[in-house]
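First chain written, first letter: the chains are A, B, C and D, and each begins at residue 1.
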Amino acid sequence: MIDKTVPDVETAVAGIPDGATVMIGGFGRAGQPVELIDALIAHGAKDLTIVNNNAGNGDVGLAALLATKRVRKIVCSFPRQSDSWVFDGLYRAGEIELELVPQGNLAERIRAAGAGIGAFFSPTGVGTELAVGKETREIRGRQYVLEHPIFADVALISARAADRWGNLVYRETARNFGPIMATAAATTVVQVDEIVPLGSIDPETVVTPGLFVDRVVAVGQRAWLQGGTFVGGVDIEGRPLVADTEEAAR
Amino acid sequence: MIDKTVPDVETAVAGIPDGATVMIGGFGRAGQPVELIDALIAHGAKDLTIVNNNAGNGDVGLAALLATKRVRKIVCSFPRQSDSWVFDGLYRAGEIELELVPQGNLAERIRAAGAGIGAFFSPTGVGTELAVGKETREIRGRQYVLEHPIFADVALISARAADRWGNLVYRETARNFGPIMATAAATTVVQVDEIVPLGSIDPETVVTPGLFVDRVVAVGQRAWLQGGTFVGGVDIEGRPLVADTEEAAR
Amino acid sequence: MTTRISRNELAARIAADIPEGSFVNLGIGAPTLVANFLPADEEIILHTENGLLGMGPAPEPGRIDPDLINAGKQPVTALAGAAYFHHADSFAMMRGGHLDVCVLGAFQVSQTGDLANWSTGAPGAIPAVGGAMDLAIGAKDVYVMTDLLAKDGSSKLVAACAYPLTGVGCVSRVYTDHAVFDVTPAGFAVREAFGDNTIEELRALTGLELVDAATSVEGN
Amino acid sequence: MTTRISRNELAARIAADIPEGSFVNLGIGAPTLVANFLPADEEIILHTENGLLGMGPAPEPGRIDPDLINAGKQPVTALAGAAYFHHADSFAMMRGGHLDVCVLGAFQVSQTGDLANWSTGAPGAIPAVGGAMDLAIGAKDVYVMTDLLAKDGSSKLVAACAYPLTGVGCVSRVYTDHAVFDVTPAGFAVREAFGDNTIEELRALTGLELVDAATSVEGN
């Protein structure tokens, strides 16, 4: 019997070595596998290269990982955000290396790694400083820049549900980088709200087939769902609105 | 109001010019848009280039189109089948040009056209006669061959259901080339079993967003479904088994 | 005295140019205002790079869904007819030329349509490009929404961009608070001057030889 | 007299080498027989190039579904846990190296692991390649299932392929009716000779200097 589920997040991130390249899913906070990141922090691997669209928000999740100074380099498209102070400080202090990649090139390079593409001519970035030093070519009258795949040792991603074969479904725009990162890593680790019985995910609606998944861990339902149904009652960071209301009433 | 539905297959294929490159979905008979092909035959466009995985089966659908001798060239991976006699005859008579493409290169080249990729280095076909004359390159210690996108003027594909925005869901392995061909053609025409109300397709399960679709026509439920549920009772070509049973009983 | 329309008036002006049935991406910041002025009785489908077509307005209070955000990480909703997809598919839509219009902000636009909107190149600044370069080269029409003048009074329409480029020759039209400019082979053409603004005033403000679209129909 | 095992025995022999949890693609023709010998109490997930993982056996009569077929266009079923996907995604699985094993037929296999299985190069023959070239270069292990000898008695294991190639250096193991051969840097190594077959007989049949795997452990 195939069973890719593991009992806890510690087991899920076990064995990630120092120096690993780790893809971390999410676009801002949406789809960010916070529980797995916390486990990676506790695990202690250092000298990491992180691939993510951003460079952390606030003081949790990816930002908390950066704060440990165990990340040597980050590959991303949009590090600078209103709440990216952890990264900003490290970058200004010269304590983290940044490879800035246009978001579409980032996505396509990750896909290329998973799809066995050696390299591809991209329309994005031509004539900009992000293409400096890269091969360019005119094809059918248009300029392109040659971009190479981004591989990872490990991908940490978040999905809504999985079965024991590792088939995944996501939720709304939290899907983002999860499906492509799952294809580009030697080991793909997924946190989900729940493990569902094999056969309960309609084969037409599987987004990531279990082929791409190595370990799955259930971390419980997100705060804005009840029984899988959206109920709201949170702010954009997922914190209960009730607290705010109480504070406002004081 | 956006409404991509058209009333009949004649309207669906209207305006396809002589000399057009037409992608036709399907893998063998599965997903082959037979009603649209019949309409294309009636429409009369000639000197066509057809992109399909195969080169027709039996005497219907794509095979019937080839039999009209209005196809100048076919781009496919697997023309020779037990029931590809129409193509076989034309090919042996020198009446049709064949561009043979490994199936994965065919799929990836179609995707590349839809995704704006200028060209890509493929691992498939290296060192074979299907790569003769093509640029090759060693990347990360492995040989690749440069492959270019395949664009089309028109894609004719089959899906199970659509809404008026053109969002599509498919059925089982009849999905095959539909989603990628929809992205690679200037005009994408889809036949579906049924048009469903906007909002009735779960946004998590849309396979082809309406962005890629221009015209949708309902052709009625496939013979092996009732009310959208599989009931069987047909052979692999979709013909009722009852007839065979009666014949056998005689 | 020159006429300057407000940010909201400019958003409404842009919205009026977007035909029903268009697939549109509105960049982070001011361009998101355009959504507020799209006609309620027409269907225009908004794309957000983080994996949604058919984006709807902000949710009611209490109905914020952290899984459902736009490119600016703000909470949004999904309309009936929406579709979710992953990042490679989302950017394939852009890069494959499937979006009809995108509206972007700008630091500078050159008269050949080069766009600079992602970096001022200032020393010590933290660079961030996001999806700007993909949008710039991908949409069928790239509209820029910006003030004509920077805070220091310099023109954002320039002969050649001094700031790092986002894309080369990619902008088709620039909507500013003073006027609307088309990018043409002959340079910027004044498509519409707001209020009493004259082409001479615009030439003075920009320092560019602007084409008067009204008198050069044959020329373009 | 040499031992030749049957096609079904060979399929069973291959099936015995496939570990539980493997993702496997069985090529058109004889390799599909392997599915019949996979242990019923183990989960091995079959991939078919036309867009399905978790392929099950042929349906009952009357339950044929023309939308649910394998790469050979035969009716199949889908197991609980199956997933459908489009062709680019399906071949990305192959080409990206995500399949553990594929089993293919062959006209010839060279001692450096080149595979020829798609064309005899005969004049007038209609060529058809399908997914063979993608499978050959994509799976982690490419197993060939074939008779050792062609109908004319010539060996299908050769020093260099005379037929047009499917892939270069891609085969890891060849299962024949006479013996199982590993492709090694030193050439074909006899992994297992069936029945009373000896390496000398196999050398005589193939005309190749075969490595005796049993006596050359250190050499490989």
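A few points about this structure:
Throughout what follows, a contact is a pair of C-beta atoms (placed from the backbone, for glycine too) under 8 Å apart; a residue touches a chain by one contact, two chains touch by 3 or more.
Note that the structure is predicted; figures quoted are calculated from it, not measured.
Chain centres computed from CA atoms place C at the largest separation from chain D. Looking at which of B-C and A-C shares more C-beta pairs in contact, the answer is the pair A-C.
Centre-to-centre, using mean CA coordinates, chain A is 34 Å away from chain B.
Mean C-alpha positions place chain A and chain C at a centre distance of 29 Å.
Per-chain Cα centroids separate chain C from chain D by 55 Å. Counting partner chains per residue, chain C has residues 52, 78, 84-85, 88, 91-92, 94-95, 138 touching two or more of them.
Within chain A, residues 108, 111, 115-117, 122-123, 170-172, 203-204 each touch two or more of the remaining chains.
All chain pairs that touch, listed by label, are A-B, A-C, A-D, B-C, B-D. Per the touch definition, chain B reaches chain D in the complex via residues 27-31, 53, 77-81, 87-88, 91-92, 98, 100-108, 110-111, 122-130, 143, 170-180, 207, 222, 224, 230, 232-238, 241. Against chain B, the residues of chain D that register as touching in their complex are 48-52, 59, 61-69, 73-75, 78, 84-88, 90-92, 94-95, 114, 124, 126-134, 137-138, 164-168. Interface residues of chain A, counted against chain D in their complex, comprise 1-2, 111, 113-117, 163-165, 167, 183, 198-199, 203-204, 206, 209-212. Contact residues on chain C toward chain B in their complex (touch as defined above): 20-21, 23, 43, 45, 47, 52-54, 78, 80-85, 88, 91-99, 138. For chain B in complex with chain A, the residues that touch the partner chain are 108, 112, 115-123, 137, 139-140, 142, 144, 148, 169-172, 202-205.
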